[in-house]
Structures are given as structure tokens and as C-alpha cells.
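Presented below are the structures under discussion, each in the form of C-alpha cells.
Next come two complexes built around subunit A: one with subunit B, the other with subunit C.
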Partner chain A sequence: MAEELKRRKAVPFFNRMFWGKNKDTINPFWVIVNKEIADHIRSWRFVVLITIIALTCFGSMYTAITSIGEALKSGKADDVFIFLKVFTVSDGTLPSYFIFISFLGPLLGIGLGFDVINSEQNRGTLTRVLAQPIPRDYLINAKFLAALIVISVLFLVLSLLVIGAGLIAIGIPPTPEEFIRIFLFTIAAIIYVAFWLNLSIVFSIRFQQPATSALSGIASWLFFTIFYSMIVNVVFNIFIPEGKKLSIAGEQLKLAIQRVAPNQLFSDITTSFLSPSVRSLGPLTMQQMQGAIPGHLPVDQSFTLVWSQIVGLVALSTLCFIVSYVLFMKKEIK
Partner chain B sequence: MIARTSVSRMLLSSLMWIITLASLQANEEKIIELYTTNTKISIPPGESVSYSIEVKNNSDEIQFCNLGVYGVPSTWNYSLKSGTYNIRQIAIQPRGKNTISLKVEVPLKVNKGNYRINVKAGTASLPLIVNISKQGSQKTEFTTDQANMEGHSKSDFSFRTKLKNRTGEKQRYSLISKAPRGWQVIFKPNYKQATSVEIEPNSTKDVTIEIKPSRNVNAGTYKIPVRAMTNLSSADLELEVVITGTYEIQLTTPQGLVSTKITAGGEKNMELIVRNTGTAKLENIKLSASKPSGWKAAFEPSGIEILGPGQQRTVNVKLIAGKKAIAGDYVARFTASVPEASSDVSFRVAVKTPAIWGWIGILVIFIALGIVIYLFRKYGRR
Partner chain C sequence: MDRNIIKIHELYKKYGSQTVVENLCLNIKEGEVFGLLGPNGAGKSTTIRMILGFSEPSSGSITVGGYSSTSQALKVKELVGYLPEEVGFYNNLTGYENLMYTARLNRIPVQEAEERVNNLLQKVNLTDEATKKAGAYSRGMKQRLGLADVLVKNPRVIILDEPTLGLDPKGMKELLGLISDLSKNEGLTVLFSSHHLHQVQHICDRVGLFVDGKLIACDDIQSLSDGLFTKSAIVIEAKINTPASSTLKNNKYSAIIDKIGKIKDVTDIKINDGLFTIECSIDVTADVAKAIVENNYDLTYLNKKEYGLDDIYHKYFEGGE
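Right after this comes the complex of A and B.
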């Protein structure tokens, strides 16, 4: 007994999370996670997705690097942050890196999540897995975590690659503040993609056919990316008489409604993190602008500025996860 | 008796001879005549007189006359000329006349009064009187029309003076001044800064004297003696500069730090220092703030009654940021002013947004995570 206790103490806490009751066996949860990660990485779908994303990212980075000299001549307050320009500058032929991430990130999330449950169910492997002596929620948690780990590693690697390529191209190392900003942007991108992942997992549990769930995911992505802001604009135009402008309160209301869309939240977050000179994301009154000097915000203030957006995104992700969790736990599995 | 008669006759005849001779003499004198129009001329010392004298021959023969000028003081110069030649003798045709010119140069050092000069030509003579109108001197004159000037301590005082060389020779004057310490006196003869000036005899040169007071000069009247001097003579001039008090005020912070941080809607206490850097007393200093709208600034004290030269006073200012201020930098400018002067200091105020919404956000995330954990508990270990 004393021997056993001693052995347990010697093993750090973190390891106990990974290992099973005996030192020799891995905790079954991590077995599933490992298996799922391996499945993702070996799948053709993942290769296709990653190729698309990597190609577009390098394309945008190329345009950023070729046009960064032009961008630096502008003499604005943001010029202190030369390195952030690698992420934001574009010469107009290709969108910049952060726009690609906000556009293709959801596709990656949907691609990794749309068939996690229903394809296993259709193949009949789900019942076999659940016949094992493991808690049922291990499966859903492990599937979510595996996809999230893949996404996180992918984005961290992409960001580091862009940093490295930028370093070679422009020769100026990022300042600690720039590095923190890039890191925060990467985390935000992961949270954003996690939302789409969770949403597509919900669809994959709800819909029997993988095609249906994939289409639902893509439809909701298209809806929020393209149609939502159009609809909001149209509705507001109906209520606003011709030739009149919205009041400040009206503009704020419109923005608040648009911020229901997760892509709006993410674009707010990226704007604040990657453009330090942005001091406010909403309309400003003249009183607020009076006496203001152009300058850049410190990281903590940029973070505070979009904190509510971050909270919103995290809450949306968590909400989708809760829905998928409840749906999965209550699901009848034959 | 006869002898007496002969003697008397001899006496008579000799008397007659003398009379005849005398009459002959009188006739001879009238043969040559001298004439000029201005016989008494009045001039100041240092100038010269020119006479045009006509010599007239009244006889029927050619007359040769020796010329001479008598009674000219030894220090004076004169010249007697006919045309361009200096002459000592002239010949005049019968019944003719010649013109000669006499130039008398009066030196600077000469006493006031009448001087008689006699011009002689043969037997004729012409008395002339030169009246010296002023007492002459062997001096240098250093004068100015305006020896007094007023201005504040930062102004330049430019005196226009005249330096006149009244000695008989060319002089090289060195120009020196005796100004209080820290003052700057610049001599500018011929509009160029110089320490000496060369002046021809009896001529004048304009010398501009520029005086710059010392930086920390107090209000008052200052006398600046200046002197032009050679080894022989010197001239003094006393210039007077009246410095009026300057009004200067400086507003600053104790450490010179002009940036601060503030939370939107929050307040910040700062110290300002009002300093009188001028030389006059400042009265009724007003403090004001130019700030973004919706902001407030309160000064304690709200104003300063009197601040003497060189004194300083600390003022507390409480700055309250507007509730709607956005994060980032704002500028707030504080001004201390009197009617005569003003000074301001601009603060770069970095606004932070209040953290209350951050805590609400964290609460929201915890609620979401709580639901997840609740679900894990409820469904997890089935």
C-alpha cells in the first residue's frame, strides 16, 4: 500500500490525467483522442483542407511582403508595428492573411466536424466503441478535443511560419508586444474555428446523413458570412427614410445586431489585435474624439476593447458544445 | 639880418620841399589800390576764409608790387594765389587791375575774437578782420541725440552716436565701455562690429552702439559709460538704459513628467508648478484647462493672487475623465495666464477603460463552463 502511494506521488498530476489506473495503461480517453488525431491527419480530407489553407496563406503572405515597403511609407501611427503588417497588408490582388483565416477557418472547422458522429453511426462502429467499458461522453469529448488539437497545432504552426517567413523577408524581428498580439490573434482564430467545429458536430449528431450536416454547416457559414449583414442592412434601410442618416444610437444598434454573427465578432477581434491604432470598434461621437491624439493602444487595452467579443465567441462555442453534448448523451444509439 | 633872412628862407624852402615831397608821396600812394568786398568775416574754428582781392593800378605806367600778408597768427595757414600759382609779386598794366585770392585757414584750437590781417601790395594795404565766432578746441566730441532708452530685459538697445574728431590730425579711436557684468555692448561704426575707428581730422563718424542687457537683469535704470580714446585725447558719453519689468510665467510639473494614465470616468490628482520667471510681480494668475469634452478639471487653489519674481507655487489639479472616453491617448492642456503672459503644459493622458465589463465577461465564461461541468456530472459517468 505504501509502495503504491509512493509510486503515485512520484507520477506527476498531469501524467495521471493521461495514464490509466495502472501505470502501464493509457487512460482510455486519451486513447480515443490519439486515435481521432491519427484519423484526421491520415485522412485525404485533411490533406486537401490543409493544402488549400497553406497555399492561400502563403499567397497572401507573399503579397504582404512585396507590398510592405509601400505600406510603410504612409507614416501612420501603426508604423511602429512593422511586423503586424505582414498579417494585415495586401496589395489588392489577394486578401491579407487574417482575412483568409477568417474566411477559410470556418471551412476547416466544418470540414473536421461535420461527420464525426453520423459517419461512425452509418458505418456501425459507434455501437462497437460504446460497447467498450468507457463513459459515453468520453467519445464526444475526445472527438471534439482531437479536432481542436489538430486545429490549434495547425494555426500555431501557420502563425509561426508566417512569423519566420516575415523575419526572413523584412529582416526586422517582431517586438514582444507584436508577438503577444500575433499569439492572441492565433488563440482567437482557434476559438473561432472551434465554434464552427462545435456547430458542425451538432449537425453531425442531429442529421443522419453526413452530406446533410455538411451542407447545413456550409449553409450557416454562408449565411453569416454573406447574407446576415446584407439582411441587417436591408431591414435598417426599410426603417430609415431615404436620404437620412442613422443616428449614433441607431448605428450602435445596427452594429450590436450584426455582432450576433460570429464572423463579425472575429473580425472585431482581429482588427483590434492586429491594428493597434484602432481605439474603438463602434461609431464615435465628436465629443469622444475631441482631444484624442492618434496613437496606438497597449495590448491590454486592445484586449479590453474586444473582451466582450471574445466572451461572446467563447460563449457561442461553449453553447454549441453544450448542445452537441446534450444531444449526444440523449441520442438513441442502435 | 640878411643871414637871418637866408636862414628863414632856407627853412621856408626846406619846408616847401617837405610839403612837396609829402604831396608827391600822397600821389604815389594812390597809384596802387586794393579792394575786396568782405572785409570782416565771421567763421567757426577749423574752417577757412577765401578772399578775392582786386589790385588796381591808377598810374600810366606798369607797376610792380611786392605782396605781403601781415598779422596772421603763427598757427594759422594762409596762401596767396593768382590763378593756380602762389605769388609774391605781381605786375599790373597801366590803368589795369588784377585779382588775387587769399585763403586763410583757421585751426581748431583758436580763441574766440577778432583777428586783424593786413594785406599789402607795394605801398597799398588792405586791413581785413576775421571774427572767430566760437571758442576753438583740440578735442574729440562724442555725442548722441538720445542717451536714454527704455525697454524690457529681452530687448536690444541701439544708440546712434556721433564721434567727431576736432583735433588737427587723423585719429584712431579705440572704443571701450564699462557695462555691468553680463551685459553686452557692441560698437558698430560703419554698421560693422568693431573695437576701433579711424577718423579724419575735423570729420564725424556715426557709431551705433548696441546694448544687450544681461538675461537676469532686474528692473531699474542702468548707466553705461562709453569712451572713445586715443593716447592724446578721449571723449566720454554716458548712455542710460531703463529696464522695465518683464512678465514671464512658466507652468510645469514637479518632475517634468507630462503624461499620465486615467480610467474612463475616473479621476486623477496631479501637481502643477506655477513659476514666475520674469522680473515683475505677477498678479491674479488664472488657471484654466483645455480638455476633451465631458472631462472636468478642478484646480486647488483655483488661482494665485500674487507671485513675486523668482517665486513658485504648487497647484493641485484634479482631472476627471469623461465616462464615454475611449481607450487610448487624449491631450489635456493646462494654462496659467495673466494679462501680460501665459504658459501652458500639455498632458498626454492615456485612458484605460474600466474593468467592470471584463469581470462580467469572465462571469459569463464561468457560467458557460459551469454548465459544461454540470452536464459532465449529470451525464458523464453513465
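Right after this comes the complex of A and C.
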């Protein structure tokens, strides 16, 4: 026991995390992470997904750069943040970069997560791996982490590539504030995709057939992106007499209900991070608007504006992970 | 030193109202080959999964090498190698890479792991196929790779769930030979389940018969056979023709029945169209043959049957139904 403590002290925490009892062996957790990342990168599925995302990013950047001159003529307060326009501007033929990310990100998350557990089970590798002396949660944690690492690296690289390409195209470097805003947007995108990843892992544990689990993931994605706000609108319209408008409280309630959807949360976050002139995400009365000087918010204020949305998104993501964790730990291994 | 490496005590497993394993008590000695025998759905696999800590028993206890399967499952998994019924490998990795992955999950240092994996691949005769993707392996090769995979961690016990399922006779013989060698040369304890009787018969030191979740018998094959057929351990079959010159028309066999019946130790005679089935407690084949010939009957067929596992199995299962 004393020897064990001595050894633990001798090996710094970081090394202990990565290495096993001695330097020659890697902690099994990282062995699994390692293998999962390799599997993702080598799989055809990943190649397909990355091609779609890279192509759309290229397309939206192209339209952004060609129409950026037009956008600059308007002379609004946002003109200070020319570089952010690369991410937000569109000429109408193709959606802008951030809309593409919010649209295709979930697909990436679902694509990486929908078969993590059930494919192992169907191949008969699950029992073999779990018969090794590793705690059962290593497997689910490692699989989640591996997919998250892949997504994070991908998004960071994409953001940096867009920055680089934008730099060459418009010739104006981003200000530090712009850089921080882009970085925050990237982090938010990773959290958003992590939510979909977790949700699809839940499905992969619950459903034995990968096809069922993929379909469930895509169905929930379509539900939230297309039908959810539609349903909320329909329900509210039923209660409002024709020709009248919702009260402020009513509008706020409607927005609150819509913010249950993760894509609404993400779109609030991106709006706030990428459009510094946005100062409120809810309805404003005329009194509140009166005397306001058009200008932009500093980064920390934009951050504060969407803080609850960020917390909400992280919470949703964590909730899904907890569900998948519990499901997996209680699963009868056959 | 306790010789029993696996100890199962009053084990129950219930799914709802259905009892899958009922009051199972079983001790397995270190170094023996133990066969769990029973029809499909008898609770063999469930028992094996509980030994490994994959599912929790409803009540009762299991210890492997002194560690509890429920509370110290990790320690148990260090001692036990397990080959599941449908063994699967990562198809995009080679056989060698699959084994290395297992070795690394067991915290075996890389150099040692490489050496061990190569040795094992040689042992199971897969050295030439080691660099092929596991997806291209045949069923027999997969099963042999599975055996190597089980041995990577240097276990004290290996548990094989229906290891010979779906193998051709040659593959089966190879695999069973390997298992038998391992037990003899390296002192490994082997526990495997099967519904295939003959394999068990050849390589098992002891067998346990499982029916409907109950262990109804557990001993070596000789004792099982003795216990079941105390009165008539041997059966002689004889086909007898009456000679053409015989004057006996009715009840043509009465004389010979009488003669054979007088032989000491014969316990029962059954006749079916000239085929005599004679049960006796000791081997009296020679006496029977002599009696037939001396009484001028034609002996066209004589066969001595000893009870094998097949008969034990059937006898037990008939009784169990």
C-alpha cells in the first residue's frame, strides 16, 4: 500500500492518466480511445461526412466572399466586424457558413454515434472486450470521448481553414475580438454536435439494429429542426383570436418553449457570438428601444446574453450522456 | 491451498417468474476439464455469464480463485479467459492486431505482448494468416483466433461457451485437441458448455448435466454411467434365425429364450422379430453366443453395446421430461 502511494506520487497525474502501472503500458481507457479514433478516421462513413461538410463550407465561403463587398456598403454598426461576415453573409444562393454548421453538425454527430454500441454487440466483440479486466464504463466513456475528439479537431480545423481562406480573399486580418468570437462559436458548435452524438449513443444502446438507431437519430433531428417550431406556432395560433397579436409575455413564453429545442439554443448562441450588434434575443418593447444608440456588444456581454442558452445546451448534452451511461451499465450483456 | 478454483453455491437466477438457474452448487477443481452439458436453453450460458459477472445472480454466490464474481468482477476477469458463443473480431483489423488490442487492454507491456501474441498465433496455427483482416477468416479460423485471444492474458481458467458450434469435424478435432493440450501441458482449468456429447466425452475429466436450470448429475463419465445402469450396464444385441430344418412352428424362440435366461447375470431379454436385446450386469457375450450355436440356431449378428454419454444423456433427459 505504501509502495503504491509512493509510486503514485512519483508519477505525475497526467502520466498516470495515460500510462498504466509502468511506462510500457498505456491505460486501457486510452487504448480504447486510440482505437476508436483510428476506426472513425479510417471509416468510409467519416470520409463521406467530411466531404459533405468540407464542400458546403467551401461553397458558403465562396458566396460569402463574393458578396461581402455588397454587404459592406450598407454602412451598419456591424461593419467594424468585417471578418465575421465571412461566417454570416450570404448572397441568397447558398446559406452562410454558420447555418450550414447548424444544419450539418447534427448529421455528423448522429453519423459518428448511431452504431457505437449495437455494432459491437452485433459483431460479437462486446462480450469479448467486456471479458477483459476493464471497468464497463471505460468502454462507453472512451467511445464518447473518441468521437468528441474527432469532432473537435474537425471543427477547429474547419474554422481555422475558413479564417485562413478569408484572410487571403479579403486581405483584412481578424481583430483579436473577432478571433475570440469565432473561437467561441466553434466551441458552441462542438457542444451542439456533442448533444447529437450523445443522443445517437442513447439510441445505439437502446436499439439493436443500427438502421433503427440511425433512423431514430435522424427523425429527432428533423423533428427539432423542422416540425418543433411549426407545432409551437400552430398551438399558439389556436389560442390567439384572429387579427390580434401576442402580448409580450405571450411572445416570451413562446420563445421559452421553442428554446427547449437544441437547435434553437444553438442558433441563439451563434447569433449572439457572430453578430455583435444583436443585443437581445427576445422581444423588445418600444420603451426599451427608445434612446438606444446603435452599436455592438463587447464579447463578454454577448457571452452573458447567451449564457443560459449555453448552460441549457450543455445540460441537454449531459442529460443524454447520463441516460446512455445508465442504460449501458444496466444492460444485460449477451 | 484450496483445490477448487470455481465455487458456485446455491445459485439462483430468475427472469420474472421464470427460473433459469435453480439451486446450483458446483465446485470445479484447478486443472480439470469440466463440461457443462445440456440441451439449448438449459441455463448453461446464463451460468457462464454469471461466473464472469455479466449478469447478477438472483441469489447465491460464485467465487473464482477466491474472488467474488459479483463484487470483484475485475479480479475475476483477470483470472478468467472467456470465449463467447458467437465470438467476433474487429473485421477491419488483422488477426494480429485484434490480439494486440486484447493484450493492451490487459495492460501487457508492448514488447511482451508482441512476443506472446506471436507465440499464440503459432500455437493455434494461424501464423500465415496473422496479417489477414479478421473479416476474411473462416469460422474455424475465427474460433482458433478466439482461443488465442482468450489465452493472451495468461488466464488460470478458460471458459468456452459452445466452442465447437458450427465447426466441421476437422476444425472441431483441431480445436478440441488444442483445448486438451492446454489443460494437460499448462495446467489450465477449462470449463466449457456444449450440447454435443461426443466431444465432451473425449476430453472432459468431469461433466455436469444441466436440464431446465437444474444440475441433475455431476461426475466423471464412468461414474455417471455406473450410477444410471447399475442393473444392466451392458446390452447385447443378437439376431437369430431359426434353421430351415427346424420343426418348431409356433413360439420358435422359446427354447433359446429359456437357455439364455438361464445364463447367470442376464437381467432382461427383449425380442423383436428375431432381434434379441439382452441386458446383463457383466459381459456374457461369449455365453450367449455359445448357447445360440449349441441349440442349432443361426447367429447372424452379435453386438455388444456399452453405454456412452449419448445414452446417459437420453436416459437423463427422458427422466427429466
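Criterion: the second predicted complex is superposed on the first by the 322 of 334 C-alpha atoms of A that agree within 3 Å, B and C clash if a C-alpha of one lies under 4 Å from a C-alpha of the other, contacts with A are read in each partner's own complex, and residues count from 1 in each chain.
Methods note: a residue touches a chain if its C-beta (ideal position, glycine included) is under 8 Å from a C-beta of that chain, and two chains touch if they have at least 3 such contacts.
Computed from a predicted structure; not experimentally measured.
Superposition model on subunit A: subunit B and subunit C are shown accommodated side by side without a clash. In the superposed three-chain model, the partner touching more residues of subunit A is B, compared with the other of subunit B and subunit C.
When the two structures are aligned on the shared chain, A:85 is found in touch with neither subunit B nor subunit C.
Once the two complexes are overlaid on the shared chain, A:127 sits against subunit C while remaining clear of subunit B.
Applying the stated contact rule after C-alpha superposition, one finds that A:135 touches each of subunit B and subunit C. Of the two partner chains, subunit B is the only one that A:285 touches; subunit C does not reach it. Contacts of A:32 after superposition: subunit C is touched, whereas subunit B is not reached.
Of the two partner chains, subunit C is the only one touched by A:333; subunit B is not. Look at A:40: by the touch rule set out above, it reaches neither subunit B nor subunit C. For the pair subunit B and subunit C, the model built by superposing on chain A gives 6 Å as the shortest CA-CA distance. The intersection of subunit A residues touching subunit B with those touching subunit C, taken from the two complexes, comprises 135.
Those residues of subunit A that touch subunit C in the shared complex are 20-22, 24-28, 31-32, 35, 39, 42, 123-125, 127-135, 332-334. Across the interface of their complex, subunit A is touched by residues 290-295, 322, 324-332, 348, 350, 352-353, 355, 357-358, 361-362, 364-365, 368-369, 371-372, 375-376, 379-382 of subunit B.
The part of subunit C that touches subunit A in the complex is made up of residues 49, 52, 54-55, 74-75, 77-78, 80-82, 84, 86-92, 101-102, 104-112, 146, 149, 153. If you check the complex, the residues on subunit A that touch subunit B are 135-137, 279-280, 284-285, 287-288, 290-298, 300-301, 304-305, 307-308, 310-311, 314-315, 318-319, 321-322, 325-326, 329.
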